[in-house]
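Each of the two complexes below includes chain A, the first together with chain B, the second together with chain C.
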Partner chain A sequence: MSTRMSRRTLLQGTTAAGAVASLPRFMTGPAFADTAKLSVFSPLPPDPAPPGAAKFSEDAFAQWKAAKGAEVEYEMLAWPQLHDRMATAFASGSAPWDIVYMCGWVPELQSNIIPYADALPKALVDDLPQSSFSTVTVDGKRYGAVFTLSLLTLFYNKAMLDQAGFKAPPKDWDELKRCAKELTHDGNYGFVLNYGDPAGIGGTASYWMTYLQQAGGKMYGEDGLPVFKGDAGVDALQLMVDLMPFTDPGSISYAGINDATNVLLAGRAGMMMNWPFMWNAGSDPKQSKIVGNLASAILPAGPAGSASIDGTDAWTITKSSKNPDKARELVEFYLDAEVQKRQVLDTGWLPIRLSVLADPEVQAKAPNAAVVLEQAKHPYDSFVTADYNEVTVAVGTEVQKALQGQKTAAQAIADAQDQVTAIVKRRKS
Partner chain B sequence: MSFARRQHGGPLLRGLVVLGLVVFVVWSAGPVVWLIVSSLLEQQALISQPPDVSPSAFTLDNFVQVIAAAAALGKGILNSLMVALFSTAVSLALGAPAAYALARLPVPRANNIAFLILATQMLPGIAIAIPLFIAISKLGLIDSVFSLGFVYLSFNLPIVVWILRGFFLGIPVGIERAAAVDGAGVFATFWHIVLPISIPPLAAAAVFAFVEAWNEFFFALILTRQSAQTVPLVIAQFAGQYQTVFGQMMAAAVISVAPVIVLAIVFRNQIVRGFADGMTKG
Partner chain C sequence: MTVTAATFEQRRRRVGLLFVLPALLVLAAVLGYPIVDSIMLALQRVTLTGGAIQQSWVGFDNFQRLFADATFQRAALNTAYFSAMEVVLVVLISLGVAVLLNHPMGRFGVFRILLIVPWAIAPVANAVLWKWILHANYGVLNGILKGLGLIDHYHVWLGTPVSALNFLLLVDVWKSVPFVALLILAGLQRVPSILYRAAYMDGAGPVQSFLHVTLPTIRSVIAIAVVLQTIWSLRVFDIVFVLTRGGPADATALLNFLAYRVTFNFLDLGYGSAIANVIFAITMLLAILYVWLLWPRPAGAKR
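== the complex of A and B ==
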């Protein structure tokens, strides 16, 4: 059969093709043309990761995707590298994600994300600690939702405290100092922490901010300028200085909390401040020499009571997202009560929902959940701002100088306030 | 002339030389040995003070677990090989003629050009990170081993030009004049005379470029996503926010460093001669 192409058939063919091309998408597209593709930028497990990235609620996740007609792609990276990749992508205007994990970076990267959390269902919001929104709120708008309650609490080696005659963990600063002193002997130390890196949440400055709140102080006044150069700021730093003779000497150089954690888990230190996830490592015989002796309590009270800081692990939605509503629905799924319960039972990361934290099954599996819940009744402001990194470098460096005896606590705090004032004024000008 | 026959000192001097060499070897090899030992220890043994190196603390578990999750590491090694080989090969192919031209041909202001080439290396990486990211993103080449290879090429090429230019300047001019007398043109002289006697410095420059590309972290971090991740990124994944799996990290490092060690062993003679020639002639 001849299939010779004449000009007429060519014209007819192209006309037909043009007509098909001009039809509405729903008539020409595949059956799942409306499938929403979502890209999520997340830490790698065992750091906090969502269902499908970490091994929990996988069936529920598959059902959610099928019900919503959504495809979800995870881009995962080791936690220490998250910020740099994210900041570079945002700065270049080429962020390819719909949902991104944040850890205290919301004020810094606020111009790249949307304030979706105001649209979360009321029942969900009512079940979250209201203070959990403080680190994701800028100018009164909520840009994220924290998905795990991660507050600093006191972790201690019960056997060491028992041997030193302490039947209970220290409840205030005086007891903390006395306990640390008694535990320091034969190459062991009463306290350990990582003071090697001044910056960020979990850096030297943030530990001082914890004590600052316990002393009744705060970082900024109503006008946004620093107000910590008072008795509270100095007392907080003086406590850290007073603890130094009983603090593992490596603490001044440990850059990450992992290093300090290892000292406690090796049985070489009696106490430390740490995040809830440490409970998993401390209960694992492959990683810990103090299995069965690890315990936690709320942080010892200063003149104003106990206080902590927030790890602020939160989900945010990018401005560049093509499916912001579907992305918000995915965050709601991450915060679903059953998913939150599986999160703690299967991965050890505590939930953020108060109802799940109070669940007896959860408290049996994660005995430190009750402690964290109790800690959450006290202040836990991380004082994150758009210039948080710059501020914590300035404050943390001064704190380090005091800890090494190069400055008095009062001088270090005065110098830190001068530097932070300059940083804030520069931002505002 | 052998080393032994050149010794004029007595046993004391020889002893000091040997002692110095032993200290140097221990100093240089110590970290590598500790890397291998750490990869064979349990986490608990590693966090003990001092580390527990009793026979019972040794295990192959770290390697078993790293190999069990080998997809990421295997892909990382493959990506690193492609990136490193590409940037090394192209930097040699372009760098050798460029270096020869700057060393021998009547290029106006050749020295200034050479310093300009070196000056490109003085910009800190962070200063060009965002413009580079934007350019590569606009080209749709984020997460591509070839874009990473091109970026590494821009770092390696100037170094290769400098290493080889120093060597070419040290070659006696008479050799090339003799070739010219025999009728060889510039390219024939370069190809048939200069390159064959330049194998050691070429090998040294190649190893330098390969190792630079193999170890680079920062640009690999910002220019890749999942599919083009290189070895340093895969190894960094063992260090999290709250937990660092030291044993597995070391095991992955041992596996990933193997190709570089093999390369160094295969080309050890050329590397030594190349750097020695560079020192005496450059």
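== the complex of A and C ==
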């Protein structure tokens, strides 16, 4: 039998299809159990990412989804694009996520997320360092849970230091400068960092903030206005300027930490500040030419001792989430002890749970964990505020000018303070 | 009073307008609304609080802020230099390429296909490609120059303000030349060959033919290329974002990048809109010039 398609049959067919499409979903769709759909906004690995986005705890994740009747979708972006994507989505009122990754942006985006952390189980909260909540707390309310202990520490090439006659990593600023100088020869440099991007945690300004605390300074006074235009601020920048002749000259053009990491792992630089993830990369022969020679230590002390900054990688839940309880349960899964353990063993990102950090297997696989815990005994304020990006661009740009010799350290710090004062006053006005 | 029936021409125009109306409505929604909204935003202080956008009218405060903002002034100067140099370089190189392609030996299709490659590459892919070419440690450019013995150590091409801005310029010129070259080539192919024969009969050499026949004939095409390239150079964003993030020390911050940074990174939507409106005003003026150049004129009339 043959059928012939006429305009009439075509019209009838499309009308019928339209009528079916307009029926309610329960009349047309297959019968499913009630499943909760969760959407998670996360960084792309190798930056810290959850199970299912990074390759760890995949079986446990599948079991959790089955047990909870939940579907989890990930939207992942390269780390440098996260803030702007999120801020745009929140500003336009079209943020589609239940859970979002935050990195120092909680004060800025606080009005779009809920203070869920107080509802986390007590056993879990007790197993987290209380200081880890400082960067996710606004007006006394806890808006997030940090999921990785991520402080800057010193990473160095043991073989290069040995050859230069240094049996131990530098303990203070003078040793740091002397060591960097001795390591600089034959195309190799004593130090490398990514000074190309002024903004954000892990940007140029945040490195200066690390030295600022080592010098005994702080960013803001009690009134919220900047107070870094003093000896500590200038000394911190002067140290960075003094290190420049022994710093890989490409540093000023490296916009991301991975560019600088690659230089150290290629054996072309002796030391750098970096996040704990570097340990895994440095131990992988596919990524590193210095396997077995990478070592870690707490950051050299300034006049006030050692200090660092906090990576502040945290999970938060959006106000627009239709399933905030289920979203909180997913965060609890991310912070489960076994998942935290696989996180460090498989990806190199340290756990935040104290019990997991104390696990012998974890300490054997990630010997830098002990260093990070030691670093955590010293100050590690990231100075996050509602205008953190604008502040760090202003400070980081002035730091870059000093590093390039366009300004003295004192002039750059004075100009930076003026700009930050204007930014803070504008926000408060 | 007598009511006269509409003429055929009046009815034809009325129906024509009716047919064009949906397109006009779409244009108003897609183009007109964002433009008007952007201008309104520029007159407000906009903050993201309480889960919603808080707006308050501030008149021309955001525009006044531009005059006191050293970063804006730096970006405006960078953009002026970038645009001027880009237009000069792109048009000159494209003219040379077009003349070569118009030569009998250059008329193989493969040359035109090769020419179009840089233009066809996606903007971000193009920027990432150049990131690796210019990388201070692993860059192809350093490798080639050192291999040829032209440099004795690797250079940080994006490391100093002057070098970084000029390398961004180079990257954008590389990407822009193909389209403008094809535009000028189309103009060259419209030059009547009889003019060249007449010039030859008058004793003109190749250079004189080019100066007195070719250039005057394609003058309007070059003018269009200049205007279009100026507009495009004001819109440069991707190469700045991928290669330098505006650094070092704002040396490569162009106006379009600054508008993005202020709006989406600082979430200062009002001030960001003011910067964007400055770019829009300049672009609008150039677009009007472009339309004026293309407007049909009676034969023999001068532009």
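We adopt the following convention: the second predicted complex is superposed on the first by the 395 of 429 C-alpha atoms of A that agree within 3 Å, B and C clash if a C-alpha of one lies under 4 Å from a C-alpha of the other, contacts with A are read in each partner's own complex, and residues count from 1 in each chain.
Heads up, the rule we're going with is that a contact is a pair of C-beta atoms (placed from the backbone, for glycine too) under 8 Å apart; a residue touches a chain by one contact, two chains touch by 3 or more.
Keep in mind that this is a model prediction, so the values were computed, not measured.
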So in the superposed three-chain picture, is A:94 touching just chain B, just chain C, both, or none of them (first/second/both/neither)? first
Partner chain in contact with A:130 - chain B first, chain C second, else both or neither: neither
Per the contact definition in the header, classify A:44: touching chain B only (first), chain C only (second), both, or neither. first
Contacts for A:75 in the overlay, against chain B (first) and chain C (second): which applies, first, second, both or neither? first
Go through the superposed model and pick first if A:268 touches only chain B, second if only chain C, both, or neither. both
So in the superposed three-chain picture, is A:199 touching just chain B, just chain C, both, or none of them (first/second/both/neither)? second
Using the superposition on chain A described above, determine whether A:319 touches chain B (first), chain C (second), both, or neither. second
Identify the residues of chain A that lie in both the chain B contact region and the chain C contact region. 84, 88, 91, 93, 187, 262-263, 266, 268
Hey, which residues of chain B end up touching chain A in the complex? 42-44, 47-49, 129-130, 133-134, 137, 142, 221-222, 225-226, 233, 236-244
Interface residues, chain C side, partner chain A - complex: 48-53, 71, 135-138, 153-154, 156-161, 164, 244-245, 247-250, 260-261, 264-269
Chain A residues within the chain B interface of the complex: 43-44, 46-47, 75-81, 84-85, 88-89, 91-94, 96, 103, 187, 202, 256-258, 261-263, 265-266, 268, 275, 277-278, 281, 285-289
As the complex stands, chain A meets chain C at residues 83-84, 87-88, 90-91, 93, 108-109, 111-112, 187, 195-199, 248-250, 252-255, 259, 262-263, 266, 268, 319, 387, 389-390, 393, 397-398, 400-401, 404, 406
